[in-house]
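Residue numbering begins at 1 within each chain, and the chains themselves are lettered A, B, C and D in the order written.
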Amino acid sequence: MSEFHYNNKKIYFEVHGEGQPLIILNGIMMSHFSWKIFLPHLTKDKQVILLDFIDQGFSDKAEGLSYKHELQVEVLKGLVDHLNLSNINLVGVSYGAQIALQFAMRFQEIVEHLMVFNVNSYTSPWLHDIGRAWVDAARTYNPSTYYNVTIPYIYSPKFYNENYQWMSKRRQLLNTVFDKPFLDAMIRLIESSEGYDIREQLNDITAKTLIVASDHDYITPLAETEYLHHHIKESDFVMLKECGHASMYERPNEFVALINGFMQKESRISIV
Amino acid sequence: MSEFHYNNKKIYFEVHGEGQPLIILNGIMMSHFSWKIFLPHLTKDKQVILLDFIDQGFSDKAEGLSYKHELQVEVLKGLVDHLNLSNINLVGVSYGAQIALQFAMRFQEIVEHLMVFNVNSYTSPWLHDIGRAWVDAARTYNPSTYYNVTIPYIYSPKFYNENYQWMSKRRQLLNTVFDKPFLDAMIRLIESSEGYDIREQLNDITAKTLIVASDHDYITPLAETEYLHHHIKESDFVMLKECGHASMYERPNEFVALINGFMQKESRISIV
Amino acid sequence: MSEFHYNNKKIYFEVHGEGQPLIILNGIMMSHFSWKIFLPHLTKDKQVILLDFIDQGFSDKAEGLSYKHELQVEVLKGLVDHLNLSNINLVGVSYGAQIALQFAMRFQEIVEHLMVFNVNSYTSPWLHDIGRAWVDAARTYNPSTYYNVTIPYIYSPKFYNENYQWMSKRRQLLNTVFDKPFLDAMIRLIESSEGYDIREQLNDITAKTLIVASDHDYITPLAETEYLHHHIKESDFVMLKECGHASMYERPNEFVALINGFMQKESRISIV
Amino acid sequence: MSEFHYNNKKIYFEVHGEGQPLIILNGIMMSHFSWKIFLPHLTKDKQVILLDFIDQGFSDKAEGLSYKHELQVEVLKGLVDHLNLSNINLVGVSYGAQIALQFAMRFQEIVEHLMVFNVNSYTSPWLHDIGRAWVDAARTYNPSTYYNVTIPYIYSPKFYNENYQWMSKRRQLLNTVFDKPFLDAMIRLIESSEGYDIREQLNDITAKTLIVASDHDYITPLAETEYLHHHIKESDFVMLKECGHASMYERPNEFVALINGFMQKESRISIV
């Protein structure tokens, strides 16, 4: 439960455990809270650092400000400097993975292992328009509308249907979370992704990279995540089958095993 | 440009060409207009009959009425009786396919060929909640919001991105279509699908059946359409790859070829 | 039951029905016999012409000769000339589809509709080595060995397992077919495919083209058939799910419907 | 470089490193040699134990003997007893995974983590007949024939084609390996898999289980590996995309990361 300041904004973070530093970067609607259940499984030999981006969780809101991913990359750099880390490992999911990729491109020497889940390399026109739907839904300031427009598509139909009771509880919880400040922050976060496009720069990523995709990802479709694998040199690639965009919720055990296993990678095995 | 009345509601239909009667049933947001471009390709040897369901196109709206699929099945039966047809062929896409399946179950002896595209066998909790998003979007009475919430997910990301200029023109067109009466009708149509579930009755379908699914269908996912194939006896099954829910727009040539070809089926070929 | 001669070799063919000429080109182990069960479903409005390539069925064997696909393309041209056809339609499966593609490239003005099933655009190193396995198996002159090495991989595991009784009958039948002359012919046919590579010439295909692939095709894998779709301009593409290389046997009804439907195509529908 | 005896047969094994015991069980054509390149990546905190089954590597051949999987399960039990292990972890690929599954069913209390790659739950008729092709190829005692019949299908077409130079070197190497004693042993190993069927007993597996499948696995197809996931309670499941049966060679980095990560699993994370 710590904080630092970036440009007069309070940035909230948490440090758990000891060992190699592993910074986990949230998806767009998440916060440090989202990782509670994962912590015991990741902190046995690692130091897990949770970060709330600007407009997330306990970090300051950016009312009146319009910004791009670049700002969150700077926030992450601020955290790394604040903690005086020279060598880090990054896990990012979705929005957090976009920031992780851009950080790894820009600060190549700092990132040892880069693990990105359910992410694309640019905001396609399709995703842009879906983002506008999210903004429009947020602007109704109706939590239920915002839930209906955003949440079902984050999960695979199979998971959502088989766990509908859990989803309904989640709806109740999110009903209280989706208040006006949250939704205004969401609009800024969504708009910060407009224009995102690193397709031509993927060659700049030199960290050991793990890319995880899901076959039923309806936000960052499989083919787009696979594109990253084909363009980041020597990246490893794993697919979760019968799984949607929110892979850490649908497949938490595989999520944790992939991180714990990939973190042990020291050098590339080459058979051929 | 003809009509008949069902329970004091005017029902609009069109008859094109001569030959075996082929009734085409619209998806939820479609109307007889949607088929203009397909007509020359389907009417060489067939009589194509276009039908606007209640709350679609030129048929009467059902203001103040709440109804289920059953009503549209009756409307279709009304058309068949009005035209004095004893033997019909049905093409249905999505909503229209749901009605077609239920008609074929109930009036087995009338339906010769049943061709359903991008359809499921029940409104799953997942799809129900997505339907609520559509209703919420309609209730904003903002055409742009309704477009953003409903249209992108009807197409595959690949098609939407590669044809973004066409999608933008479509947005302009739909902007004028999505007025209050249309959106109020949409709400009723969406709600008429709630509770839809024919999973236990698929064995009642005896028509020669063709089922077409798409791998990027984010409304009626592939596995759900495939379920129909596995449960309707002797159905044929074809998949369109790199295609979304609106398969007739993304793959019009395959759409037409499948209908024209399946209509020629007289008996089942059995190799084994 | 007719024949003509090409370079002193007797070439066997059959003509069935009246209408637009549709020439069906066999897969490597097939002959005109293989199409008996399909004929009633294709000849209602078309003239189906069956052709045994050199080293197939009732056509002459090419003992002592080594040849490439080119020869079979010439044989097909010989048939077209013999029958005085100026406008043909081609269906080809696997080997027959490779010949059909090359014929369509070379005699653009003659081919109206080109329908290819389960085919690739080159003999990859992988397929080359599998071809060598077939040759090695043929050289044992043991029908059972030849069956075991070639037949199971031609079917999807699902089909083979669910229809094992039929497969066993087929084994008995093929046991009598796989005699020395047949196997020697097979070796020449297999070797005629070595070096096949039309990847750079696909743009030369101007016929209306339908490409059909199967997801469990272990001879010409889906991605390789899809490559054709991506490189032949304006080709239509359909996938058969849970289906292997021998799609006409696993899915005869879809096979026939696709041909009958695509044959009706007169012009391209363009939505966008 | 150690050995013990099981029923007068010398059984070869190797122990590498210190830590939790991880026994790796070979695929049918493999031996302890196959794992050399993986050892440095698995032994940082684990004790890796390599075992040659009867008829593999340095273990005795079983000339004149006909046996089933059961024998190899006993051999594995012999090793566990010989080393006085009460708690083990098992990695198995293909044949080795079949033995691992059966061991875990029978000696539930001993197995902590069970990691199986590219495996099925029964020898289907399709795979049985492919097995007969392998036996027939072995009986020619021609190394090149045996290579052609077995090796290409073990890899994905993509990998085989992109690494054809490596495959050619491998062919040369295997040419010297595939001598008569090896091929006679192969025949016995293949025949030991005939009749394998644990479909009804999967519920007996209580170990923490990880199942890894490949989309281009043409020996143990994806759907069959997925069956294990659906029937072994609380198993984790990961898919390797664009990968064939020999996943440890095609994707060695993912292979190692999955083992290292899953070995850290202590308890199941449950979100819902």
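FYI, a contact is a pair of C-beta atoms (placed from the backbone, for glycine too) under 8 Å apart; a residue touches a chain by one contact, two chains touch by 3 or more.
All values reported here derive from a predicted model rather than from experimental measurement.
Identification of common neighbours of subunit A and subunit D yields an empty set.
Path length between subunit B and subunit D in the touching-chain graph (shortest route): 2.
As a whole-number value, the distance joining the C-alpha centres of subunit C and subunit D reads 38 Å.
If you average the CA atoms of subunit A and of subunit C, the two centres end up 49 Å from each other. Touching of two or more other chains is recorded for no residue of subunit D. Taken chain by chain, the contacts form a single closed ring in which each chain touches exactly two others.
The touching residues of subunit C, when paired with subunit B in their complex, are 37-38, 41, 44, 163, 166, 210, 213, 215, 226, 236-241, 249, 251-254, 256-262, 264-266, 268-272. The residues of subunit D lying in touch with subunit C in their complex are 124-127, 129-130, 132-133, 136-137, 140, 142, 144-145, 148-149, 151-153, 155, 157-158, 160-161, 164, 167, 216, 218, 221, 223-224.
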